[in-house]
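You will see two complexes here that share chain A, one where it goes with chain B and one where it goes with chain C.
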Partner chain A sequence: MSTAESGRARRWLILAGVAGALAVLAAFPLAVTDPAATSIAVFTLVFMVSTAAWNIFSGYSGYLALGHAVFFGSGGYAVALAARDWHFKGGWDVFALLPFGGLVAAAIAVPIGVIALRTRRHTFVVVTIAIFFIFQLAAFNLSFTGGTSGIELPIAPFPVATYNNPFYYVGLVILVMTIAMSWAVRRSRFGLQLLAIRDDEARARGLGVKTGRIKLAAFVLSAFPIGMVGGLYFYFLGQIFPQFAYDPLFDISLALMAFLGGIGTLVGPVLGAAVLEALQQYLTQSVSGSGTYLIVYGVLFLAVILLLPRGVVPTLTELVKSRRARAADSSTIEEPRDQAVRSVAGAIR
Partner chain B sequence: MSFTSLLQAVIDGILTGGVYALMAAGLTLIFGVMNIINIAQGVMVVLGAYLSYALSVHLGIGLLPGLLLTVPAMFVLGVAIEFVFMRRLRESDRTGMSILVTFAVAIVIEGILTEIFGVDYVQLHAAYVDKSVYVFGFYLPYIYLIGFGLAVVLLIALYWLLYRTKFGRAVRASLQNRTAADLIGINVDRTRTISVGIGVAVTAVGGMVFGATNAFNPGSGYDLISRLLAIVILGGMGSIGGAMAAAVFMLVINDVVAVAWSPTWAPLVFFAALVIVLSFRPQGLFGSAAARAQ
Partner chain C sequence: MSGLLEVTEVSKSFGGVRALTACHIDVAKGSIHGLIGPNGSGKTTLFNVITGYERIQQGEVRFDGIEITNAPPDQVFGLGIGRTFQLTRIFSRLTVLENMLVATQRREGWLRGLLHRAGSSSEKHRATELLEFVGIARLANEPAGNLSFGQRKLLELASLLVADPDVLLLDEPAGGVNPTLITHLADRINELNKAGKTFLVVEHNMEFVMSLCHEVTVLSQGRPLVSGAPDEVRANPAVLDAYLGGEDDAATQLELVSEDPARRPRAPVAPSRTVSLIQPRAKLGGPEPLLSVRGVSAGYGGGDILKEVTFDVPEGEITCIVGPNGAGKSTLLATISGLLRPRQGEIRFGGRVISGLAPREILARGIAHVPQVHSLFNEMTVRENVEMGAFTVDDRALVAQRLGTVGELYPIVRERADEKAGSLSGGQQRLVEFARSLMLDPTMIVLDEPSMGLDPQTRRIVFDMIELMNRQGKTILLVEQNARAGLRLSSRGVVLENGIVRLLGTGREVLEHPEIGALYLGGTVSTGGAPSAVG
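Moving on to the complex of A and B:
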């Protein structure tokens, strides 16, 4: 088989895979009508979107951000406050507010990014945590957030039996949008510049990448979908409280899910989120005692990190590659880690 | 608000700052030699507090003598964690992965503590915990003085260990350049293991004082780790002197704001100070620009 032919076959395979996955996801609430299962599915979608969006910044740039709950909570509050103050009735109209939640989150991301991105890698992690705590504290203590009693969102008049489905499908649309965005970034010159920053920031800058602007753009871009699903999540719950809106576990979960699936890959973080969030929900329901739950979760987590240190998707890809190489009886040459830097250099020349 | 209450706040800040300095020194030591951000440091402090609690409640061993047991126990825990988890992480993305691994360790420890002790808040008690001494118009609780004294003694011991012994030279060498340290015959792996052991062992002392001055439950570690991280970053990661200075600086600000404005907003100033300082000095107050800038 010639390379061009195998490339075309591969493209068709991927296309078929995407179509199949979409069909399965779209049919899920029709096949599984148990509300407990579909509500887990809604939560899982929220995390799939959030992790995919987080990956656009942290995965591609290599800057570990542990404060994206700020965008989740702020998007949620934006939608809740707007729905209350503009007298939304509840129903499909509130979904129209979700892009507004995303915009608010993105707007908040601009000053945060400007400040936090002055620092490099390790320090950046902690600065994002610090900013996260500032927001959490503000949400607890400012008057317009309703403090600990929170804000109620309008009740959606959906039929009880299929109440979860509208939330599910809106979540699915946002997921498709986010993955498409991630794919577009990954393929673009912008994405290459991000990867170059990840591989060697000093060199990327030397080659003419406007590192500051690129990082900020990715940071803001990653905030938008998270703000949207923040609104979706709290509309689904019917209420928003500071401790759920700005939850440190949300921050760390995104990183964990992305690492599990394969950080910096397109589908890895989404798969990681799907597996982990579903597992987490299942554990909460089936394991009695919060202590046991924590132990089981932590031990599983450690096992995965130690057995698959690079995440599921990269490990599997490597496995497939090495098998194919063996089948073709020719060794594949490892892609050099700084290939992105070279491509950028090529693009600039 | 009077001048006296303000001064009292400054004194309280310095005294508690000493204990935070000790806990932060452990964290920054681990980062310095291993490039590992130990998210579990907070829950380890809580574990140290629970060990003291179990010894005093069930075996009748006082808080101070109990340290003779809890400090070695925490040292062993640190060595074990380094041996099982930390050294397996690859050099290239070690810092990022370390956050996840140590977070998982923290979850497991928190789960075990929840199973054994439940989620109700407890506090350590002893004769010297609830009493104060009255000096020059200020009330100084004994436990704050004891904690500060212990912290100062241990920090001096740590300083001596790092700057006056052969082991300390080995630590500092592996901190500066692993390959070079390897080449001149330093057993870098062993040095790292012991350093992590020491970094974790100090949480036993920190935990005892923390548990005597605050009510705590298994989930108290999260609030603590965010503060400790802020201190370590502010001091410049890997700089032990910086961590000490930053701890006292932050706790004084924290306590003064609590008195002058409101206790609710004191933590805000804590994190805002961090963000502001880092906006002007991204390497922290005492970090050098070149070191660890990557």
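Moving on to the complex of A and C:
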């Protein structure tokens, strides 16, 4: 088989895979009608979108951001306030506000990015955390956020049996959009420059890459989908409180999910989120003691770092590649394991 | 002739250390301009200043008549100045081809990058062409991290060419690269130069510089010493001084190259032959040396850096190893102290074989190693740092007693005991490192470039301390870039070049050997008409 042919075959295979996955996801609420399950699915979609969006910035640029809950909460508040003040009745109309939530999040990301991206590596992580706590504190204390009592969102008049489905499908659309965005970034010059920044920022600058603008663009881009699903999430819950809107666990979860799946890859973070969030929701619902999932998280995180330091997807890809190479009886140069460990250690840092 | 790249009156200091002082350099359009000078003379700093990695308060940088002083790196690149780095930098997790696509086209807006797909077919075509030009096209889809050191250098160069810059600044392109590849690299540079590219090349490999460059500037202590055609520079005594150090001592001024070069004996020594200046009596008789290195070959990764090195270190003396950059001096010290295992040969210390032992065992036998790079724990106090020197000793009283002794010898250890080591100057840190090495009461102290990065005054203090430690009974083995000062201090001299011992003798003999200068300015040592020399 010629390389062009195999390339075409590969492309068809990928297309078929994407279509299949979409079909399964679209059919899910029709097949599984248990509201408990579909509600888990909605939460899971929210995290799949968030992790995929977070990965566009942190995964590709190597800058570990631990403050994306700011965009999640701000998108939520934006949608909640808009729905209340502009007298939305509740129903499909509130979904139309989600892009507004995304825009607010993206607008907030601009000044945060300008400030935080002046710093590098560890300092950047600390600055994003600090900014996160400023937002949390503000949400508790400002009058327009309703303080600790939060804001109620309109209740959607969907039929009780299939109440979750509209939220599910809207979430699915946002997920498809986010993955498409991530894919487009990855194959663009912009994405390549982000990856170059991840490997060696100083050298990237020396090759003419306007690193400041590139990083800021990625930062803002990653805030938008998170703002949207922030709106979706709190609309689904019916109310928004500061402690849920600006939740430090949200920040850590995104990083953890991305690491589990494979940070910096297209689908890895999405899969990581799918597994971890679904598991967490399931554990919360079935096991008493709401903190159990934290222990599971910790154990999983340790296991991934020790056994699959680059995440599940890259490790599997490597495995498949080397199998195929062995089958074709041609030798490949395998990345030394210690280098892989170092690259993850670098990413954590 | 007005230069394409003009650096005028540029000064730059880091903390209190002046890296560049009123530095001036003029790179003519279409030339290959070499920049040489000893370690720490400011070559890389000059590159950093030109390309915007370091900001300056004084001076001016002009490119094609436009002032670019303190312009950020991406802008400098956009104007047409590309650079490589001393420690080759590539994007190791991108493929070779992707590495080639990172560089922006000149005057390209950043928004274009947002909307454009990486690597249109024409871009890929050009990238592949350039990879073919440097000779690594077959590796296009390999992750760049898998490339060898030399291939990385080629990739780094090729990735600059994508944007078609007018000027290329190359920081040690031949450093750590094998001879075949060096020739290949020189050919590529010549071809590009013929196509109109201007080069500014920092390089320690004198043969490379002298054969390639049209003009050479010698930097010394942050200012240009001489500028001119390679032959003129090679024949300038001041250049030798810059390389050999000891500019303060006119009495031992060696007139090495001022003699007519044509009269110099041409015959090179057969590569494996060592010229020994030691009298046979001294070589055979006398007590057994404290350290004896016999036929040691060692290296990192694939190749051998040291090739069958043989020499002795007599007890109670100071032995100095000198040689050009990349000769294997640090590797030799690392092999002696056990950080690197020799591939063949034997090292004996006090009559017992120590090659193959772990570093801590060798330390326990009495060899303390003070490495080239400053090795204090910055966040710990001076006292804690010195105590760390004896952390293998459990006897608290003994540690306290040694701390007292060391404190007498090095007052700084007492005076600044509670200050953080990181707050000391470079020279003071060196002294604390010496103090720390004494804590185990070693028989022999191995010093790697003790004077590196030190100003002349501190350097003298450091050398005085080395002499004092020696007088108190310590055997000292030292590697020194400042060859003149090092050899004057020493009773024995060893000249290393390309991993081979080229000269052995007393410090004075080596110092006064007429060919030592050749080692620093390219070429190989010749024997002065020794009958056995290859005709």
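Please note the rule applied: the second predicted complex is superposed on the first by the 325 of 349 C-alpha atoms of A that agree within 3 Å, B and C clash if a C-alpha of one lies under 4 Å from a C-alpha of the other, contacts with A are read in each partner's own complex, and residues count from 1 in each chain.
In the analysis below, a contact is a pair of C-beta atoms (placed from the backbone, for glycine too) under 8 Å apart; a residue touches a chain by one contact, two chains touch by 3 or more.
All values derive from a computational prediction rather than experimental measurement.
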Using the superposition on chain A, tell me whether chain B and chain C clash or fit. clash
Chain A residues touched by each partner, larger count belonging to chain B or chain C: B
Chain B versus chain C as contact partner of A:E277, first or second or both or neither: neither
Which of the two partners, first being chain B and second being chain C, lies in contact with A:D251: first, second, both, or neither? neither
Clash-bearing segment of chain C, relative to chain B, as chosen among 116-124, 386-394, 422-430 or 458-466: 386-394
Quick check on my understanding: which residues of chain A belong to both its chain B contact set and its chain C contact set? none
Which residues of chain A touch chain B once you look at their complex with the stated criterion? 64, 66, 115, 118-123, 125-127, 129-131, 133-134, 137-138, 141, 248, 252, 255-256, 259, 289-299, 301-302, 305-306, 309
Interfacial residue positions of chain A with respect to chain C in the complex: 187-193, 195-196, 198-200, 202-211, 213-214, 217, 333, 335, 339, 343
Note which residues of chain C are touching chain A in the complex, please. 51, 53, 72-74, 77-78, 82-83, 85, 89-94, 98, 101-104, 106, 108, 110, 112-119, 142-143, 145-146, 159-160, 163
For chain B, which residues count as touching chain A in their complex? 31, 37, 85, 88-90, 95-97, 99-101, 103-108, 110-116, 119, 218, 222, 226, 229-230, 232-233, 237, 264-265, 267-268, 271-272, 274-275, 278-279, 282-284, 292-294
